[in-house]
Amino acid sequence: MTSAEHGSAQPGGHGASLPGAVDAGSPAAVDAGLLGGVRSGAATSDVAVLQALLDAEAALIVALAETGLAPATAVSDVAAAARADRFDVISIADRARSSGNPVVPLVADLTASVPERSVDFVHRGATSQDIVDTGLMLVAARVLGPMLADLDRLAARLAVLASEHRGTVMVARTLTQHAVPTTFGLKVAGWRALTLDARDRLAGVAVGLPVQLGGAGGTLAAYGDNGRRMIAAFARATGLAEPDLPWHTLRTPIADLAGALAFTAGALGKLAADVLVLARTEIGEVSEDGGGGSSAMPHKANPVRATLVAAAARQAPALAATLLGAVVAEDERPAGAWHAEWEPLRDLLRLVGGATSTAPELVDGLVVDPDRMRANLDRTAGAIMSEKAVVQLTGELGARAARSRVDQAVRRSAADGIGLRAALGMDFDDRPETYLGSAAALVDAALRRTAE
Amino acid sequence: MTSAEHGSAQPGGHGASLPGAVDAGSPAAVDAGLLGGVRSGAATSDVAVLQALLDAEAALIVALAETGLAPATAVSDVAAAARADRFDVISIADRARSSGNPVVPLVADLTASVPERSVDFVHRGATSQDIVDTGLMLVAARVLGPMLADLDRLAARLAVLASEHRGTVMVARTLTQHAVPTTFGLKVAGWRALTLDARDRLAGVAVGLPVQLGGAGGTLAAYGDNGRRMIAAFARATGLAEPDLPWHTLRTPIADLAGALAFTAGALGKLAADVLVLARTEIGEVSEDGGGGSSAMPHKANPVRATLVAAAARQAPALAATLLGAVVAEDERPAGAWHAEWEPLRDLLRLVGGATSTAPELVDGLVVDPDRMRANLDRTAGAIMSEKAVVQLTGELGARAARSRVDQAVRRSAADGIGLRAALGMDFDDRPETYLGSAAALVDAALRRTAE
Amino acid sequence: MTSAEHGSAQPGGHGASLPGAVDAGSPAAVDAGLLGGVRSGAATSDVAVLQALLDAEAALIVALAETGLAPATAVSDVAAAARADRFDVISIADRARSSGNPVVPLVADLTASVPERSVDFVHRGATSQDIVDTGLMLVAARVLGPMLADLDRLAARLAVLASEHRGTVMVARTLTQHAVPTTFGLKVAGWRALTLDARDRLAGVAVGLPVQLGGAGGTLAAYGDNGRRMIAAFARATGLAEPDLPWHTLRTPIADLAGALAFTAGALGKLAADVLVLARTEIGEVSEDGGGGSSAMPHKANPVRATLVAAAARQAPALAATLLGAVVAEDERPAGAWHAEWEPLRDLLRLVGGATSTAPELVDGLVVDPDRMRANLDRTAGAIMSEKAVVQLTGELGARAARSRVDQAVRRSAADGIGLRAALGMDFDDRPETYLGSAAALVDAALRRTAE
Amino acid sequence: MTSAEHGSAQPGGHGASLPGAVDAGSPAAVDAGLLGGVRSGAATSDVAVLQALLDAEAALIVALAETGLAPATAVSDVAAAARADRFDVISIADRARSSGNPVVPLVADLTASVPERSVDFVHRGATSQDIVDTGLMLVAARVLGPMLADLDRLAARLAVLASEHRGTVMVARTLTQHAVPTTFGLKVAGWRALTLDARDRLAGVAVGLPVQLGGAGGTLAAYGDNGRRMIAAFARATGLAEPDLPWHTLRTPIADLAGALAFTAGALGKLAADVLVLARTEIGEVSEDGGGGSSAMPHKANPVRATLVAAAARQAPALAATLLGAVVAEDERPAGAWHAEWEPLRDLLRLVGGATSTAPELVDGLVVDPDRMRANLDRTAGAIMSEKAVVQLTGELGARAARSRVDQAVRRSAADGIGLRAALGMDFDDRPETYLGSAAALVDAALRRTAE
């Protein structure tokens, strides 16, 4: 492509009336979530990350003071200075490119904003990775709290829904086809089980999010003999867990987060996938109250919340893969693997935070239509009861003959347009509620489970 | 984790001095690129995307007018209104969540900002996906232009570098070990070949980026018989290519972009990976001029640009995988697969835009040390010439005996601390420059290639 | 878990009656495709790969002879020996683990099986990667041929199907909901367009699959001045393309394959996804002739072919991501990145080969039910025509008033159980075939396209 | 590409002497591990999977008998028949394609091989997914046992190695550059920590691998009221865990496996990555005893084991991503998501099984060279001690002045070719062992950790 051809994609292609592309480097280079869909917002923004980095620097001074390596005045000086709204996040972001990480310019600006008496203590003995890793763990902790609360809320709502529909009979669908009867309660109990699975995994990760402190090479050498005491004090000051070892290149915490977050996205994605099937116009068993409208079609009520949760679930696994791949981190600080974690981790927190906050809304606004469920059961003229017929006949005829007879009846039913019961020509109770097996017992058992 | 435990990760964990997490929904929920590393900036920002969406709406009116479906006044009215700085991007982002995409609120705001005489023509006959897809293609086109220029610049610089070092002998390394001699020129010619491969693939994609127009269900029904004329006119108005069919769920353009962008990231990642090896302190054959400093260690000069390019290359494949997965888009508009494209596509454009702009800087600032290359060749006391010895002896002894004799000599050389030549005890020119094979001819041939 | 606990998962857990796990290392360690689903078979088997490696070795001798570096007797000796059925693939696989690749033991066995006069010429001047890369390109070429033929067959069948159903009206579905009318012909034309897109991309890759020859360090040093002549001769002997440079760590061919194959999987996956929706019991617009039966449910006819194609499409993107990631290959041969390509590339060829061979069967066996399509159009009592009503009224009332009036009618239609036409209370032709826009013209245009 | 061009990639391209591609469908379509690299073998072969499926069928009869639904004779009849060597795995694999899974043909063959008195009980009440899922959990359990033992062995060996080298001083490298001194013991303690992290995660998953039993729609309807009793009995008979609910579309067990396995690959990949750096010819601090030889270069000893482990680590994340994506499983059995799990799960088990068995060999054969570690420390003329100098001077001069003075000294040291100590011109102990901080204490603390 010549540059002239390419230029035609510029607004000038249809006259001088449209503005050109935004200048690189301008303050306009900020993201507001326009393409975010389900993504959660401010808690993972650049300003929130900046504050977390500053919180890490402030906590470091607390730890230094506790260990006798800094005076109390430094603690209050740095705490007073470490407020994100006093820093120019765009400038720091720009300068981060030449140092390879945002801590180098941040420390410069923070140092410049504390009284002279305290400058010597800012960032003392730490390396940039100590602050970035600790900051991102703080962001994760702050996001995981609301996520867990959302999942608790979701599980509670699903428990009520499962109980309400413990006896609501509907079609079980396998490989897109009607299979046998089941209950909506059992389906919802499954959604709840996944929600609790996700909650347990995220809670397990949340409680262990570790502080990072290792210094330049992971030996904490700048603290002399006080290295391990500094880790403990830093952990207390941040509220994060105390690791056995600096984990600059032992990335278990990142991998654990990746796995738990991607699973959570998938768990909610399963719920969304089921809603999207059941909400299809032809199926119509559920709908979203106040579904999204269309700019063109007055009659549409789209399952928007389910769509957004489904979209999040589609993006999470690949982000997790990038993070799992970054476990392979050579040396005492890798040239690339660490840097490749930052955005995928933040994106994953955002997507899953968005999904966990949207899912309870989705369930709260779910309109369930038991009549449609019943009507759909009746669509196949009893064929959905064919397995029951085989089971019933097996005692009498043996399995193969029973199957053969029901196969014939199914064909005759379809060919002659009569119901399976008539085609079988025998005493056969073809009401779906007579073939639910352990559905109710499974719901009861599943609802006894609580979060760990 | 109890919520009390969790709370300890809040800043309050070390006193009341640190601010809490940023409120969700506040204007602070913007990204400035703090964690972006190598990412390019404003051209893919939310404001730039917003402008591209507005450009698509403005171009639609141009096409309507050309087709006789709107008056000329509507063209100028919408063009005047369609300026991103007149819209509240954060508000649109927020409202996008309930409609499932940003076009619904955008159209509302745009309609409200044009004169009454033109309101009927805004967004006429289009569906939200027409605008989002076209807008993202415009963003891609605007980003690909500078990318291609960067790659041209990179290829030109690499051609010079390869010529300069056509005869600079260095170690070829395989599986981390010294193998045989090669030239730095040949290595650089390889970097250039990958750069041109990337350039050709991106250019091929750039020239075909299509406009999207299909209306509610892909039939362009709202335009009556003018559907195909509208597509052609819309393509002209935007400067994008005219597709055969609406591609709402025929996602070839996205997959092509994904493949070409991820390959480009990898191609530059190979260059970065080589630089990172050669820059190792023990190897020292190249360094980055003005490498990144360390907050703790005065002596360090980190290969920051190579690190950031390497980090981009690590993130690209997974984003491409998400986009490739979204090709499986059911119906006339999928519930999730489409929405899952937006952020990965933008992120991929950002990462690769950042990598293509950083790579020329990396090469411009590359300090090459032919003396170290020579010194490293000498480290193995001639063992690097062992294949040459086998080749030389094979004519005389046959392959197996030749190999056996050189094996013995290699062992003796290592055991006795003498050079391979001495251990062989024969007439053997062990200068590395005598065993470069076709290195120079390959460089010459490779440099004859130009961009397609 | 203690090993006692773990042991309970051994068959002994329920008595002595079940055999234990198969011994590692036994000949039983072979795969027959049990879990392969849609995967293609023998053409990518270990034996086929072994034959391709041997073909590469045989072609190398041809090239050596052509360049004057080997006698004609060596050509015939090696050709006679290089037959996979004369080698013990399991033994070679086992020994491959200690050398890191299968060529080292293969060359040993091949050398042992040629006459003494030719042993010196086996593998002369080549490195293991030359043979593995060339062998895998041969496997790819052999698999791509049938793939392209399958895609041609598929496109031809889809052209007929699209023509047949050029006027078959059906529901266009967006975000799972009925949107507006479309035609089945247009949907099928879209499937064909994707098929041709895939075909063009695969064909573009197939024609350029290059031979690999670089020798130990990519300089072809063992061939003296004959390096480039050897590449050309080797290319001729294999039928593969001649590369500009040895591409040991310039992995464009692999990335191109990865992108084209993953896109093909996605393109066929879109077709499968549509079939899976349309085959749902409640929708019933298509079915698979002779769908898969169920072991338990006599009435089931599962869309098995669509399911298997869909499963392939789900696996391809991640495999492509691994291959795209391997473009970042340091040095003259990377320690891991290259080795990580072999299985993902083979798996991708298998999955896509399986999908391309299954898709024509899927389409051949597709039973289309235009009556169900029509019946589904009628399910919403005319609401599917709401956009047409807005368009019709806009001329008279303006866009906003038109939309408002249709909104009211849609609500009244739903509340009162009357059709949209009645609710609108105006002259309105609500037959779906009156609102198909450019559907037929788009089909006609799309069918004019041929493979490139 | 025309088919004639394509045909040239056939062996016929260089004469009639080479055989054509293997016929699809022939017994040759088996895999022996030729491209497997580090993959483990027989325990995950098709025959092993077939045996596991048969074990599941046999265990089902045990459960039926325990629940009073089958006679004791059926247990012994099925147990006697359910031996993989009596079945034709290739035939079953072929027939699996038309039914969509291997259980349908397997049940047919198994039924045909039991006495007439027992045919009615084979597979009774189960669905294909019950058997495939249970079978794959059995395969996983059988593979995880040896994996855990390998990881235990690895951790034990690493504990010894870390103790031995608790005081072995070496360079800590960050972003490829020399940073500060550390110890090899601390590096090895980190490898051990990751090994134990992997071990704990895998063990946690292994103990909970659940049996699958839900019947056609997940209600266990064919068992009447005995559904939950059947699950419990089936769990006992297999030795697997008893799930709360059938998990046909609640894929937590698969996601947990995926996460733990991919992490394990990464954990071992970190070890391998470090070995690959340290084994570089210029660094030479470790080597693999009996490293892999080269077919061309007598002097080479490649770090083959590390390479193969690294290759496994590169493939695992994408496979995990596919499995995490399959959590989004619609309905009571999804059309594709489930089928897409089989091969990635098996591949992941293989890769990680190969990596866990190779890693102990890698460590057993690791030759550590403390003299080279010392020599490398000395390469920068003391610059590696620059942080210590800053720390020492900060008390006296303040941080900024201290840094400034050391910066000057570093520059002077480099310019004048004198050591840092001389350039500083002060009393300064520049021996690396004086600046190890908490390295020894961290090793001691880390070695106190045991497997959970």
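Chains: A, B, C and D, in written order; residue numbering restarts at 1 for each.
Note that in this section a residue touches a chain if its C-beta (ideal position, glycine included) is under 8 Å from a C-beta of that chain, and two chains touch if they have at least 3 such contacts.
Not measured: the values here are computed from a predicted model.
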{"item": "Higher-contact pair (C-beta pairs counted), A-D versus A-C", "value": "A-D"}
{"item": "Farthest chain (mean CA position) relative to chain B", "value": "D"}
{"item": "Chain A and chain C, separation of their C-alpha mean positions in angstrom", "value": "30"}
{"item": "Computed distance of Cα centres, chain D from chain A, in Å", "value": "25"}
{"item": "Multi-chain contact sites of chain C, meaning residues that touch two or more partners", "value": "100, 125, 127, 173-176, 179-180, 215-216, 222, 272, 276-277, 292, 294, 296-297, 302-304, 307, 310, 313-314, 318, 321-322, 325-326, 335, 387"}
{"item": "Footprint of chain B on chain D - complex, ascending", "value": "171, 173-180, 276-277, 279-283, 292, 294, 296-304, 307, 318, 321, 325, 376, 379-380, 383-384, 386-387, 389-390, 403, 406-407, 409-410, 420"}
{"item": "Touching residues on chain B, where the partner in the complex is chain C", "value": "100, 119-120, 124-125, 127, 172-176, 179-183, 186-187, 189-190, 193-194, 197, 215-225, 227-228, 244-246, 249-252, 255-256, 258-260, 262-263, 266-267, 269-270, 272-274, 276-277, 310, 313-314, 316-318, 320-322, 324-335, 387-388, 391, 394, 398-400, 435-439, 441-442, 445-446, 449"}
